Structures are given as structure tokens and as C-alpha cells.
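Please find the structures below.
Below, chain A partners chain B and then partners chain C, in two separate complexes.
Showing the complex of A and B:
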């Protein structure tokens, strides 16, 4: 009996458990990825028939000012959103890291925007930022000031997108910080209190060092996420004015599904893939280093508790 | 004495900060609700009218008469529900397989699946769209549901979870001559319920709020999900049937997921914390 179960251990029939997922994965993720790499070497339209052009699509991308602008916009947007999305949720988590009902209520408030879809978020924020009749313009009118062109000034529009995004996305990193803060052993704080350490001192020498890895993780995670910006500008400004709010994904969408220049859009997708892949690899190495050091730290934490 | 005074002062300052920040956080939502309660002609005059009465529920009455939104709501429920079930089934089976069973090239295959975590949906969209065109799957429920089943996050999560369960449990069952599937179904699966809850909540929220794939795949209004249906009204913003009505649609679309959120809040918090610790 044991012998037969040993023999069956390495058999192909065991793979039946992973086969259903693997089939879906290969068909719907790996095949489109590889086919997309192939397609990026063709000049092709909606109706299939393409001619092989080698790396011409990529050469064209690097001459295409609309594409280069969208790459610059995307990096600008990431630079605008990642720092506040790393720091502000940490600040909130520090305020809310207690077990009172008030804290639970406010955790709910700050996370509530995260469960809304991008279409609701943009609809809500359009009503705030639009220059005619938006809440912001109503407020500036109270002071007799002129309305700020949040959505139509090319210098401001990306900042507006960043404000919307920070409001929408701060809930998840806040929760990640809260769960990291709860793992800091309590007796360190008790010891600090006995030593009469100030609140500020405790923050700098105990709290922040113990969540430093989570800070790095949140920053990278947000980079990966915000590189994929699409819905906010697509729904509010359609990338305007003058392309000032068009990110890479909107470029791919327009070329692929409005102009049906699919080979060219596939080439742009490869650039996006390369950027995200690099960010994910960085995240992977940070995470594995994290779990290794956590495994080392684990017994110590248990011993304290 | 001074120490406790200090502490009270700090608590008051803390509460004040939270009230101010919380208010800023909620202002956009309150403004939306206010606008939805005003008549469209009032708002056409000036949106500042929303600061005072008269308020009306005529937009909410109007929305019940337009069938579109209810159809989209139903589509969203069907797509998110079935996608969640599908992900749980596939990820549990695969997680058990990768964590517990041996078969040729297992570790290499698992690495291949891990690699999928780095593939953004946007990078495969062109060829995936072509594939679904070829299979005539656009504007259908399978067409909307299937792509979500390919995401590797669930498999990764479940594999980690199965690995954490002590091996003695299945070894005892093997001695009882139970089949592989029986061990999976009767012994191990019930132990993974916390992980199923985490994965289920994430999948449902993600699917409910997905905009990218339904926007591309569902081009017929009767196959829109709530997210895409609402975007269609928004893009025709200039010819909209009125600001108040549009805001009522937003409130209507937000309410189901906010109710889900309030009911499952405790589990969502735990899910995020669990995913962080993994």
C-alpha cells in the first residue's frame, strides 16, 4: 500500500489538480503575451493580414512624439502619486493604530473610497474639479476668486489626476501599515515609556525602523500600480488637453482599439510590460529578503509574547 | 497631573486631526449625494443651488424607470459571482497540487505561474482581444468571466496556505487508504476557509470594479457591467440627461458595493492584513 502510494507520488495523474488552472493560464495569459511579442513585429490591422516589419514598430515608437509624451506623462504621474501614497497612509495608520471604536470608524472612512470603481470615482471628482459648477469653483467663488482650471490647464491636469488617485488609493497601503504596526512587540513600547522616551523619539527610534520594510514594499507596489494609470484620464479628459494627461495605457488603448493599428499597439504594450517587469522583479527581491529576515525574527517575537 | 493633562491634550488634537481629515475624505461623496437630490433644472441654473433646498427624489424615481442600470447591475452580479467561484475552485485545486503532490516538472511549472504575477493585463490586451474575437466570445458572460480566471495571485496564495498545513494530517489519511481527491476535499479544504475568504473578497471586489476588460469586450449596452455602463453615460457627458440624474446613477452604483463593504468590513480588514503577512 505504502509502496503503491510512493510510486504514484511522482506520476502525471497528480498533475490533474493543476491542469485546469494551467490550461486557462496558458491560453489566456501566456499565449496572448507571446503572440503579442510576435505581433509587435508586424504591420497589422484589425483584419489580421500583416506584413513582417522587424523592429520598425519600435523604431516608430521612439520617433512618435505622442508616445514619448505618454511615457513622460506616466513617469510624471508615478512621481506625483507614489510619495504621498507612501507617506500619507503611514501617517493615518500611526493615528489609527489603537483598538478604540473611534479608530475603527475612521479606518472605515479612509478605506471606503478604495471599494469604489474608477467610473464612480471619476464621476464624483469631475463634480468637484470641473471649472463650471464644480464644488471647487463654488468655493473659490465664495472668496471672489477665479476658478482654477483643474482639468483644462495642461500644467495642472496631471496634478488633478494625482489628487483623485491619492484619494482613491490610500486605503490599502494604510491597512498594510496597520497590520505591520500591530506586529511590533508591545513590550518595546512599555520599555520606552519606562525610560521616559518622548513620543517623537519613540516614533523615530522604534516605530519607523520596525515598519521600514513595509514602507519600501508599499512604495514599489504603488509604482507598479500607478504605472497602469488609465481610467481616470480616459474618463475625465480623454487624455487632453493636448495629450497632457495621456498615459501609456491610454496610448495603447487608442492605437489598438480606436485606430486598430494592432501591431503598433502590441509594440507599445511590450514597452509597458518591460517597465512593469523591472518594477516587479525589484519587488520580488525585496519581498524574498523580507520574508527571510522575518523568518529569522519570528522566534524572537514569539519569545517576547 | 501634568502628564495626564498632556495626554488629554494629545488625544483632543488627535481627534481633531482625524475629524478634519475624515471630513475632507468624505466631502466628495457628500457633494455627490447632495447633487443627486436636486432637480436637473435647478442644477442647470447653478450647482451652488445644491447647498440649499428644495431637495427632491425625482432622480431616484427616474432611475427605476430606466431599465439599463438594473440590467448592468445584474450583469455585474453574475460576472463577479461566477468569476469569484471559478477562481476559488481553480486556485484551490492548483494550490493543493503545487503544495502537496509530486509530478514531473512541478517546480518549473510553478515558477512559470509565478512569472505571471509580472504580466500586466494591459500588456496582453491586443492579442487577448483577437483571441476572443476568433472564439466569438465578446459580448457574452464567458467572455467577461474567463480572463479573470487566469490571474496567478490566487494560485500563489493557496499554494502558500496549503504548504502551511502540517503534513501529518494527509499522511494519516493516506494510511486510511483515502484517495488524493478525498484527502483534498474532506481533510485539507475545510482548513483553508480563512484563505478562501481572503481570496474570495479580493476577487469579488476586483471583478466588480474591473473597468479595463469589460470596456473592451462588452460593446453592446445590454452586456455592460455597472462600471462600463456608468462610463458610457459619463463619456456622453455633454448630452447627459442632467447632472442630478448622472449623480443619482453614481450613488446607485456605489451603494451595493458600499453595503458589501460595511457588512464584510471586518473580513476585508483581516484579508488585507492576511495578504500582508503572507
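Showing the complex of A and C:
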């Protein structure tokens, strides 16, 4: 056997190592994605068949006020949740990044909400927020105030969803930040101490730049996750009142599995996919622009030196 | 307080981590502009002592004064010290220039002054070409220079070096050692170097502080440490290969002590008068004071291993009772493993150690 034939055989046999993953990836991700794209061009129901309608489903979506409201709701929800879910866990991690028992206890406390299922989370928060007999209304009643309509006021309901979500999702980013913080070498902090850096200066000039990659990761990760809001409004408000808490995924679910209009639902899914993709890319390029421009400036400086 | 007191005063410093004691009543004076090396094996407390001076650890008891000012209760940044860390500890996201400027900005040094100091440090350390690079783009030796530069720009009262050469390869270590010696001459500052490498300590320091088991064993110039070790630990730790230590019977009837070994009686240079009564004497002889002679001449031994170093040959032998003795022979030595040889000793150069391990030496020769 010649060396070249060995080499060529080697190149395709190597692919066998990734074949099981590739098979599952193609079947469960790429095929449904492409099938969904195809389906969005048909007027179809769950019983198969369907008529090719081109981009009619998309045109319908842009005329559909319920859909447009769900898009607006989703953006509003992402704007409400992603900043706190990026910043709050960082501060928690900074506070709890120490070896005391109290810190370990609170790390457990803050992470514990993340292991709960959406059903339990919504059940608990329903009991807190419902207008009649809820914990929040009982507390306001103690002060003689009127109960706040957390779940039935269209102006407040999405904020309530955001509070529930932030409470539920804090744990994982906090853990990501903790692991990032623990990878910062201790002697850098000691050097900063000898360099007379104040607490604030150390945070700003040493800690934050050291975990900047994790901050970007958390922001993108939360963005992708929160665009897919579904369980909380589905289980607490069913999208109400008056569609004020209906996000895109709930709209897709209602169209696809209540009205059986799967072609239309598939078209809405494509739009959600595009929104998440664009939002993620924009975020990625904005947050990494500075480091890229620094990297580009580097050879120039070196050339001058 | 009266006039300005120069130098470092460490008095009765004690430190423990929980139930584990690390330093036990350490007292030491370092003169202004002196270069002192803390030398000792791992776990002897040398790095802890350095970190206590820097303020990165708190003393449990005792005091530390720098130029007459008590510093052991001050924050690290307020002590007027700069430290070069073992792993450099450069800020990875800052350029070299920003690394150097960081500490100066924090204490409000003006921009023009910062630039002047960086330019000066860059000139001394030859790091001008990569002031705009980040630490990740530098080699180990370059990072080391930047770390030293970060210390220099602060113009501290005291420089602390924590094993600064241990991460460099052998060739670079030797070059950096030379550069450190030159730098020291140029800066004329008080410096403390922590090292477990005796060559670094011997070549760089004015005085060496040998430490073991939480305590200072000896403080002295490199040659004092080498020629007049205070105890059996210092004798064995400083010098490569280590000093031969053999059990002997001592006859102190004459003016100088006579050591009785299996191969005969040897006249040492140690004056009998000052020696305490002890039944457990040991004699210490450096390999360069033990020579290979023909079989039947001197102490009978068998060659176990031969190390040819070019200019000299180290011969590892064993006596009849199993005691290991290292001898030195000429570079052209013909001895082979398994050869029976005789060991001739320059007993006049011998050191004696009593049952407590305390060392006694021949009187120093004047002139």
C-alpha cells in the first residue's frame, strides 16, 4: 500500500469518529430545520399534504396583528431580562467568590432555583403574584393598599414574567461567572494590591477585563434563551390579558397545535430563528468590536517600534 | 522617633496557618542598599517571610520596620515595596506600558512623570520594542523583564523577588542572573531575593539568610556560609555536591582536635579549647577536600559512581562501613566504578559538628 493511499484512507476513516454525532445532528437538527423551512411555504395541517403557497404565510404574518404583538412582547421581554441576567449574576458571583461556609450556602441558595422545572416555578410565583389571596396582595393588604394586578394588568404582566424568569435563571450564569473568576490567577490581585489599586479600580481594571469573555458568553446565551420564552406565560396567563404576555413561541404553539395551521406556524418559527440569529450576531460583533480593533491595531504598533 | 533609620528591621515575627506554624520568632536586620537572599528548602518559611514583608500576609506577632517606619499593619501598597512574582503576575489584558503605568496612576503620579519613568525602565531593561504588546505576546524572559520593570518604575524603598528565575530555562536563567546583578549595581536599592537555588543566592546576594523549619539557621556572606556553616544543616544544604558528614571520635587533648576515623587519626584545624564535651561528634569535609589516592593509601573505599564534569571528576565512594563519601579528582581521572581506592583528606579544612549539630571551624586565616 502506498503512502498516498494510506493517507486518503486515513482521511475518510477519521470521519467515522464523528459519524454518530453527525448522524444525530443531521436527523434531529438540520433535517427539521430544512423541513421547517420547506413547510413554511405550504398551507398545511397536521394530517399531511398541503398546498404550496410560496411566501404567502410570511405575508400573512406581517399583516397579523396578533403575531406582531407577540414579536413586540418578545423583544420587550428580552430587553427586560437579558441585562439583569447578565449583570446581577456577576455581582452575586463577586460577592460569593470566597471560601467561607456562608458563601457556599448562598451559592447553593441562588443556584437552587435553576434546578426547578418551569411548572414548579410558575406554580410558586402564581401563589405569590395572584391578585386574590396571593402573598404579594396579602402584604399590600397589611399596609391597607390595594393589591397590584401583577398578572392581569397588561402594562405589568410582562414585568412580572421578567421577574419570575430572572429569579429562575440567575443560577447558571452565576456559576459561569464564578468559574471564570476562579480562573483569574490570585497573584494578579496581589500585584494590584501592591500597585495601590482600590477595590473599585481592581474590579474595573483587573476583574472585569479578566471575565469579559464570560460576560459576552452569558449575554448571548441569555439572549438566545429568553427569545424562546414559552412556559411561564403559557402556564400562568395563557398569553393574557389581551395578548399582553403572548411571546412568539406561544403564538407558534397556538397556531400549530390549537389551530393545526402548521405551515403558518412554521413560517413564524423561521422568523423567530432569523430574529435570534441576527440578535446574536449583532451582539457578538458589537461586544467583540473593541478587542478586534485592538488586534488590528497591534501589527501597526509593532511595525513602528 | 529620632533620626531616620535606614534598612529593614524584622523582629520576633511569628506566623501560623491555623494550627500549622510557618515562622517562629524570626528576627533579622537588613542594611540600606543591601541585597539579601532567603535560601532554604521548600516549606522552610522563606516565601512566607517575603509575603509578610510585602503585606500579602499578616503577621501573628512581631514587627516589621522599613526605613524606621513600622509597616506590618499597613496595606501592601502603603509600604513602599515592589515585588517581582514567581509567575510574573502581569495584567494580561493590559499592554506592557499599561502594566508599568498601573501602579503609578493609582497613586496619582503625573502623566509626564509616568512616561519618563517608563522610558527609563524600558531603556535599562531593553523592553522599549514591546511596550505596546500584551503579556501573552511575550516570551518568558521578556515577561520577566516587564515584571522587573513594573517594580523599577515605582522607585520603591525595597525590592522583593520571589524566585524570579525559577520559570526560565537554564541558559536564560544564567543570563537573567547576570542582568539582575548588573541591575542591582545600577539601582542601588535594598533587595530581598527568595530562592531555593544556592547558586542564585551565592552569586547575587551580599548576605544569605539560610532558613529551615520556620527558623533562620544562619545569616552571613556567601563565603561565610560556605566556609563556616553554623550547623550541620547549613553545611549539607549549601554546596554542590553536599559536604561529606562522617561520624568520628574526637581527641581534644592537644591544641587542635584530632579526629579518629577507621583509616587513622587526622589532625583538624579546629582549636580544642573552644569545643564542648560531646560524645557524638561528626566531621564535615567538602568533596574538594577529599582526594583520590591509590588503594592502600588513606581511607579505604570503593568507587560507586563517577561523574565526569570535564575540568574535574566527582567520585562517589562508599567506605567499608557503608558510609557514602564524595571525593574530587582531576578531570583526567582514570577511576572507574567498582575500583578500590584510598581517600586522602585535607583534615585541616574539616569542620566539626557536635551532638546538637552546631558547627566548629578552624580559625580564619588573617590577610
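To be clear about the criterion, the second predicted complex is superposed on the first by the 251 of 305 C-alpha atoms of A that agree within 3 Å, B and C clash if a C-alpha of one lies under 4 Å from a C-alpha of the other, contacts with A are read in each partner's own complex, and residues count from 1 in each chain.
Note that a residue touches a chain if its C-beta (ideal position, glycine included) is under 8 Å from a C-beta of that chain, and two chains touch if they have at least 3 such contacts.
Keep in mind it's a predicted model, so treat the numbers as computed, not measured.
Enquirer: Of the two partner chains, chain B (first) and chain C (second), which one does A:110 touch, if any: first, second, both, or neither?
Expert: So A:110 only meets chain B here.
Enquirer: Tell me which of chain B and chain C touches more residues of chain A.
Expert: B
Enquirer: Contact-wise, after the overlay, does A:119 reach chain B, chain C, both or neither (first, second, both, neither)?
Expert: Touch partner of A:119: chain B, not chain C.
Enquirer: Once chain A of both complexes is superposed, is A:257 in touch with chain B (first), chain C (second), both, or neither?
Expert: first
Enquirer: Would you sort A:66 into first (chain B), second (chain C), both or neither based on which partner it touches?
Expert: neither
Enquirer: After superposition on the shared chain, which partner residues are touched by A:265: those of chain B (first), chain C (second), both, or neither?
Expert: First partner only.
Enquirer: Of the partners chain B and chain C, which touch A:190 in the superposed model: first, second, both, neither?
Expert: second
Enquirer: Looking at the overlay, does A:203 come into contact with chain B only (first), chain C only (second), both, or neither?
Expert: Touch status of A:203: no partner.
Enquirer: Per the contact definition, I'd like the list of chain C residues that touch chain A in the complex.
Expert: Those in contact with chain A are residues 54-56, 75-78, 81-83, 85-87, 89-94, 102-103, 106-107, 128-133, 150, 154.
Enquirer: Give the list of chain A residues in touch with chain C in this complex.
Expert: Touch list, chain A to chain C: 185, 187-188, 190-198, 201, 205-206, 209-210, 212, 298, 301-302, 305.
Enquirer: Would you mind writing out the residues of chain B in touch with chain A in their complex?
Expert: 10, 14-15, 17-18, 21-22, 25-29, 31-32, 35, 43, 46-48, 51, 89-91, 93-94, 96-98, 101-104, 106, 109, 112-113, 116-131, 146-147, 149-152, 155, 174, 177, 180, 184, 205, 208-212, 216, 226-228, 230-231, 234-235, 237, 243, 246-247, 249-250, 253-254, 257-258, 260-262, 265, 268-269, 272-273, 276-277
Enquirer: Quick one: in the complex, what on chain A touches chain B?
Expert: That would be residues 1, 5, 9-18, 20-22, 24-25, 27-33, 35-36, 39, 92, 95-96, 102, 106-113, 115-120, 122-128, 133-135, 138, 141, 167, 172, 175-176, 178-180, 182-183, 199, 214, 227-228, 230-231, 235, 238, 249, 252-253, 256-257, 262, 265-266, 269-270, 272-273, 276-277, 280-281, 284 of chain A.
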